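Two complexes come next, and they have one chain in common, subunit A, joined by subunit B in the first and subunit C in the second.
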Partner chain A sequence: MTQAITINNLTYQYDDHELFDGFNLSIEAGEWVALVGHNGSGKSTLAKLIVGLIVANGGDIDVFGKRLTVDSINDIRAQIGMVFQNPDNQFVGATVADDVAFGLENIELPSNEMPQRIDEALHTVGMENFKEREPHTLSGGQKQRVALASVLALGPKIIILDEATAMLDPEGRASIMKTLQNLKAQFGSELTLITITHDMDEAALADRIVVINDGRLIIDGNPDDVFSKSQTMHDNGLELPFAGELTARLTVKPKKYLDERELIHWLSPSNK
Partner chain B sequence: MAITFEQVNFSYGAGTTLANPILHDINITIADHQVTAIIGQTGSGKSTLIQHLNGLLKPTTGQVTVDDLIVTNATKEKQLTKLRAKVGMVFQFPENQLFANTVLEDVMYGPLNFGYQTDEAKQSAQSALKMVNVAENLWQNSPFELSGGQMRRVAMAGALASNPDIVVMDEPAAGLDPKGQAELLELVANLRQSGKLVVFISHQMDHVVSVADQVIVMQDGHVAVQGTPADVFNRDIDWFKSVNLDLPRAGQFAEQLRANGVSLSRRPLTLTELATMLNEEHKHE
Partner chain C sequence: MNNIMIGRFVPGSSWVHRLDPRTKMIVTFVFIFVMLFASSWATYALSAAFVILAIRLTQQPFKLYWDGLKPIFWLILFTVVLQLFLTPGTPVVFHVGPLQVTWPGILNAIYVMIRFTLIILMSTIMTLSTPPTSIANALESLLAPLNKIHVPVAELALMLSIALRFVPLLMDETQKIMNAQKSRGMSFSTGGPIKRARAIVPLLIPLFVGALQRALDLANAMEIRGFKDAASRTKYRVLLYGRQDVVAFIGTLIFVLIFIGIKISGV
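This part shows the complex of A and B:
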């Protein structure tokens, strides 16, 4: 298996605080990893370290086998796209299409290739009918899908979404989750996805969940494994998905962790 | 200290050819010493409504009364100062409101503006920061060095520092982690306990159920319903679809159970209620 990201013995401190001290993590190419933790647990800092927005005090970060250094930083950044929390802080274009074009101009894509790239990226996120719209007329969920299209147009191998749904209403949040599932279906092993979140319904969509707290790795496993450790999750300031919180309060419990659909089936008369 | 809206209509660009009507014929009373939640899908007029509470927007027609202060279209900007001292506003993404060099200075800005002496302003800022759980070792830091959750708290302290009788918050919990959300709900309950009137906008029905006394449902610029959470959330499921709102999570789960042949004696509105009902009514053999 190809490793998309390998973090080895990472240390990072700011002010007097040692956030990461010998942190290790590797993410395989094509994986969808949810990086979860409470506000201030270090998850966003980790994302910034991976793309070299901030510099570690020690340890190594490799992206597709290439060590992150001052010399390699531009090559590495070209492989990683990021979408941030606040949709209003990441728009530069006057129209949706201009906005997607901005990144393409930066990588000096020949202008005759641009329309097709823009169309494809907007189509992937379901925003092809909004090309000429001004960004401020879009809903939060639509804005985040455009931000995702701007990143996709550059053909990244890794996309990191840093709490990209946190500011959205339920409809917007659902539309982003659906879009991410479509992306994984379309790109498969060609795309590595890292979603940073404290929303467990969002984390549940990933192949793997990595829980961190104060720069330490607490749990690393598939959603069922992670959600069966309810006490550890609570101790680290996190909740389980609704079905997990409910199960924890039932006097008679299913033998293993069940997601919402499974729990409803387990509770239904056809199962008795 | 109650708030009333009488026949309030509001349009952006009223009187021009570009007039864009947002609020239609709003008649509501928001009771004192209570927590009122305003819900409704994006674009239903929630934010426009609450901007009338401190005169950021004035009704195009009709009047808003806050305690003994009346706001109509004719109210002059100068007359709104008294209203603004009474009503603390926390906007959506309040971290965008931060501007000062240190956390403490940022929170002192409001009280100083309302004529507090420096010492007095400092004291009220400190007690507001304690109220929202911002640790003392951060008070001399730049507000821009804080994490998102901490910035949110500092911005809230800024609105609370001048001790307003009315606190209005636009989606205060958006983006907070579970612990931050629980603390926020506790803060809202404490504000009510200390006699304040609290109005907040939320998309999280679980928060509404847990802390609100009254719920106002907005739809297309109208008030669709006003009532207690129990009244509002026990309406027919088709009504929720028609206003494009979710039930609280426990209610959603119960609806799915019902579709799968498990009926409960009534609709649970909280996780605890749902768990209790399942434990009592559907003992799993």
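This part shows the complex of A and C:
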């Protein structure tokens, strides 16, 4: 398997505070990784370091085997798309189509190829009927889907969502999660997804969960492993999904982590 | 704040809406320039006819334009009063102390009022029928020759369109902050002018802080999507002059020629 991102011995200081000190992480191409941690754990800083929006004090970051440096930054950014937290602050264009076009204009795509790319990207996120709409007429979830389309239009190999659902209502959050699952189904191993979140229901959708706290890697494993370590999660200021919290309080526990539906089934008397 | 019509875009698909934004901009500037030379009833009547025709072609109700004039009513009134009292001339109609109202003064005041109104109506037609980004694009295209003397036209146009894009957002935010402060007992509409002005300060500070945060976020989002500089970009919306633009230009030309004709014949 090829490595999408390899972080080696990363150090980063933030306000006289050693946030990352010898941090290591590697993410394989095609993986869906959820990066979780409470506020201030360094998860968003890590994302900014990967795309070179801020510069590390030491250590290396490789993206598809290419070292992140001042010279390679534009090539690396061409492979990574990023969706940020605030839906309004990343909407550049005056309409949905203009916003998706913004990135295409930057990479100097000929004008006549743009409409097709825009339509395809909007179709992928289910926003094709909103092409001429202005941002203030859209809901938060719709704006974030447009932000995702803007990133998709550029054909990235890695997409990072930095708390992209944190400011959305439950409905908007669900629509983004659904869109991400569709994306993963459509692109498979061609697309590496990194979702940064503190919502465990969101994290549960990923293939792998990486818990960080204060710039240190606490747990790294699949959702089942991670959710079965409830004490460690609590110690690091994180709440488990409902099923996980319930399991942690049971005297007789199931052998492996069960999600809500499986747990209901396991608990039901007809099963005993 | 929602009743400000100046600069507001009203979506539609009328003949004027479909014109190239550059055409609308050029016609508007030509009209404003020509208006400076209007000096007789005939020329004003002709100009008014031109504006009324243009308004009809936007397929928007007159009331919309009337609302557009309201905010500038006081400015118009002020100039009219100045003209009324400060124009010297012979047939003095009446006088109040040292101020005298003359017949040429009354005539001038009416002329100025018509001129003002027509110019504002014409500009409203342009902004009402053209999305802000198209106005920015048109400016970029029309000012392109200035690139030769190193004016960063593309940067300025992009800045303008982003600024316009954030206007509704900042309006919203202002309203939110005002509501938050009203709920804590702040009043924005009572007291003298000084008290009212001071009430604005605690409104501006959070607004500025918020705007700076937005700017930083936006800069990150733009950088991630490959923005390097405004000049080396292709365009999604390509401006193309069409048949109706030719018609609009010919129409404007006829208007200018008749105008000159009236001026020369001295009607």
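Assume the second predicted complex is superposed on the first by the 269 of 272 C-alpha atoms of A that agree within 3 Å, B and C clash if a C-alpha of one lies under 4 Å from a C-alpha of the other, contacts with A are read in each partner's own complex, and residues count from 1 in each chain.
Quick note on the criterion: contacts are C-beta pairs under 8 Å (C-beta built on N, C-alpha and C of every residue); 3 or more make two chains touch, one makes a residue touch a chain.
Everything numeric in this text was worked out from a predicted model, so none of it was measured.
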Overlaying the two complexes on subunit A, which is it for subunit B and subunit C: clash or fit? clash
Touched partner set for A:N86, first subunit B, second subunit C, both or neither: both
For A:L53 in the superposed arrangement: first (subunit B), second (subunit C), both or neither? second
Identify the partner contact of A:G237: answer first if only subunit B is touched, second if only subunit C is, both if each is, neither if none is. first
Contacts for A:S139 in the overlay, against subunit B (first) and subunit C (second): which applies, first, second, both or neither? first
Please write out, lowest number first, the residues of subunit A touched by both subunit B and subunit C across the two complexes. 86
For subunit C, which residues count as touching subunit A in their complex? 131-133, 161-162, 164-165, 168-169, 172, 213-214, 217-218, 220-228, 232-238
Any idea which subunit A residues touch subunit C in the complex? 51, 53, 74, 77-78, 80-82, 84, 86, 88-95, 97-98, 101-111, 114, 118, 135-136, 147, 150-151, 154
Subunit A residues touching subunit B - in the complex, by the definition given at the top: 38-40, 85-86, 139-140, 163, 166-167, 169-172, 198, 237-239, 242-243, 245-246, 249-252, 260, 264-270, 272
Touching residues on subunit B, where the partner in the complex is subunit A: 41-43, 93, 147-150, 174-180, 203, 244, 246, 249, 253, 256-257, 260-262, 271-272, 274-275, 278-279, 282-285
